[in-house]
Amino acid sequence: MISMIRIDDRLIHGQVAFVWTKYLGVNRIIVANDQVVKNDVQKMSLKMATPDTAKCSILSVEDAVQVLNDPRAESLKILVIVNNPTDVRRIIEKVSNIPLVNVANYGRISSDLGAKRKLCDTVYVTDVDVEEFNKIIDSGMKTEYQVVPTTTAKPMAELLKK
Amino acid sequence: MEVVILLLKKQRGGDIMNIEALLIALVMYFAKFCDHGLGQPMVERPLVLATLVGLVLGHPTEGVMLGATLELIFLGTITIGGSYPADVITGSILASSFVLLLGKGPEVAVTLAVPISMLAVFVYNIIKLVYTAAVERFDIYLEAGRDQAFCNLQVFLTLFKPFVYSVLTYFAITLGTSVIEAVVKSIPPVVMQGLGATAGVLPALGFAILLKTLWNANIAAFFFIGFALVAYLKLPIMGVALFAGAIAVHSCYSDYNLKKLIASTAGVAKSAAPADDKEVFFND
Amino acid sequence: MINNLEVAQGEQVLVKQSNKLELNKEERKMINQLFIRQFPLMGSMNYTRMQGQGFAWALQPMLKKIYTKREDYLQALKRNTMFFNTTPAMAPFIMGLTLSMEKENAANPDFDESSINAVKVGLMGPLAGLGDSFFWGTLRVIAAGVGIGLSTTGNFLGPIMFLLIYNIPNLLVRYYGAVIGYSYGGKYITSASESGLLQSITKAASIMGLMMVGAMSASMVSFTVKYPIVIGGAKIVLQEILDKLLIGFVPLVIVLVCFTLLRKKVNPNWILLGLVAFGFGCAVLGIL
């Protein structure tokens, strides 16, 4: 079963490796990204960063969808990590029973922040991103902004209204 | 200048208090500088900071012991990735300063440190906002090709942040000590007892937080081994550390050798077909 | 020095010519300078670039040397102010790697500049995961365990051991991280991860961390009589009974209860209040 999909442009890092995996109690992490899956160095370092308690698989978005729809996935506890809302939308279109979309860090890594709209300290979006988020929310998905589990989660819809 | 000195002398406690406040402010500068200027070398943790405060206030041994108490309380509080759940530095320095200046016990330190550390986060957030505004300045310098100005700004900001805290600390000590004294005096002895008891059990939360991050069913037994070593064998902590270190090194070697063994026996098969993430996802 | 570019499947793989860690005198000097400059990485910490400006500042003098043309140097400097955030001790590895890539970029007009930032983005996350777990979660716990244990009696060795145990690995990782990042770069990560050495080290460190937390739970959670109480006789018997059952029974239970609650995702602040109430309750009832 899928615990949640997280949007984090740094994929697996301190907050994820150290905090979220333990909090959710997952034993599988899927990094779904069409670029990273082609980069050996990045794949290796992501696997190194994964804590012992979970196994990490780096897959293209399509492969991730296939794996998540496999009946064997039910008995596993899976955290899916992507680095943009478009990939989330692509996944939820083809995979059901995802309980939560978690938005954490997105948009600060690109160089042109001026062209983006700031939703909060760690999320900056373009118009395309807003469209994708709206599609995700409109599909009925519980979509929340929460960087670490000790802070209160805010519905993404609220952030988008600003 | 004379006006400033007159104002300083007018404050309660007179000259002596001001010198101590100055010294504590210096400790604060050093601590905050180490935090972001030296990449967190753990000098900025309660254990060291309370010791330093103890040294400058002339109560070194009490400082060390306060440091131990405060470190236990804040053991689970970590500041990584720019997140600041509590300002451990400000909490520890101010709490230990007040306690040592007023001659109170460790339970007062704990009672003060926790709320102070939470309140001080506001200061951090404000500074971070200001520094975020400075990003534009950095970019402007680079656009204009002023690399030296860029570097100077970085250095300035690094040196300025600790200074802000120092100034606040100075005034917190000179103006706050009498206030704290009054508050503490008004605490009934029953409550003091309660605080003392609480200070004794609070570390358990810190340990639980750490346990949560370290816990792994495979090696969970070692938690109980460590526990038993102290509870029954009454081993001093250094002894446990040596024991733990030896076991850790042994585990590392045998684990790694086992991996090498597996890799060499499976060597042929492995190099022929590199494990596909998609296929092995469901294997244990 | 990296002086070979292999293009495989549209992706640039940086391969080192030799496998040895050789640095010539000039490179040694550069690494030493980097070691000094990497410390104030978080000096201008902010929300939008985080450690970005600190990263660029650290590399500034080397970039000036690498790029002979001023515009290239300024562009490189600007490029390196991009968003950056990782465990401070792991940053030098990425800095060394960046320097070797910048050198390659300066020497080779066909080098894809955008790959430099791509590598930084790709590495900062995972290295932060590794670094945070190791430095904050394990090494610090071990150092604190020893330090606190010695400090409770006012022994100055406490804070000193705390700093030593933490900083010897801290400084070694920073210095050699820079050396390895510069010399080996990405290849190091591949070989290290394949050998599984890192997992073994992490597991070993966790074992040590767990033992220290266990030891501290026994000695540093105070639940013995502190204040004389009215019902003197009855209370003393209670402590004896508890001790016969299991020495340190109550501290262990308290720690494990908190642990279980945290696992059940109870907010730590509630647990904190609960402990405060517990402490007060025991004091009032005269148990403590």
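Read from first to last, the chains carry the letters A, B and C; within each, the first residue is number 1.
The rule is short, and it goes like this: a contact is a pair of C-beta atoms (placed from the backbone, for glycine too) under 8 Å apart; a residue touches a chain by one contact, two chains touch by 3 or more.
None of these values were measured; they are calculated from a predicted model.
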Identifier of the chain whose CA centre is least distant from the whole-structure CA centre: C
Between A-B and B-C, the pair joined by more C-beta contacts: B-C
Rounded Å distance, chain A centre to chain C centre (Cα mean): 24
Rounded Å distance between chain B and chain C, as computed from the means of their C-alpha atoms: 14
Chain centre separation (chain A, chain B; CA means) in Å: 31
Interface hub residues of chain A, defined as touching at least two other chains: 13-14, 18, 52, 150
Residues of chain C whose C-beta touches two or more other chains: 47-50, 85, 87, 128, 132-133, 136-137, 199, 203, 206, 263, 268
Contacts with 2+ other chains: residues of chain B: 80-81, 212-213, 215-216
Touching residues on chain A, where the partner in the complex is chain B: 13-15, 18-19, 22, 28, 30, 52-53, 55, 57-59, 63, 66-67, 70, 72-73, 76, 147-148, 150
In the complex, chain B residues that touch chain C: 35-43, 45, 47-48, 51, 60-62, 64-65, 67-68, 71-72, 75-76, 78, 80-82, 128-129, 131-132, 134-135, 138-139, 142-143, 145, 147, 150-151, 153-155, 157-158, 161, 190-191, 193-205, 207-216, 219-220, 222-232, 235-238, 240-241, 243-245, 247-249, 251-252, 255-256, 259-260, 263
Touching residues on chain C, where the partner in the complex is chain A: 9-11, 13, 47-50, 82-83, 85-87, 119, 121-133, 136-137, 186, 189-190, 192-194, 198-199, 202-203, 206, 263, 265, 267-268
Touching residues on chain A, where the partner in the complex is chain C: 8-14, 16-18, 23, 25, 36, 38-42, 44-52, 108-109, 111, 113, 121-122, 149-150
List of chain C residues in touch with chain B within their complex: 38-50, 53-54, 56-57, 60, 64, 70, 73-74, 77-78, 81, 85, 87-89, 91, 128, 132-133, 136-138, 140-156, 158-159, 162-163, 166-167, 170, 174, 195-197, 199-201, 203-223, 226-227, 246-248, 251-252, 254-256, 258-259, 261-263, 268, 271-272, 275-276, 278-280, 282-284, 288
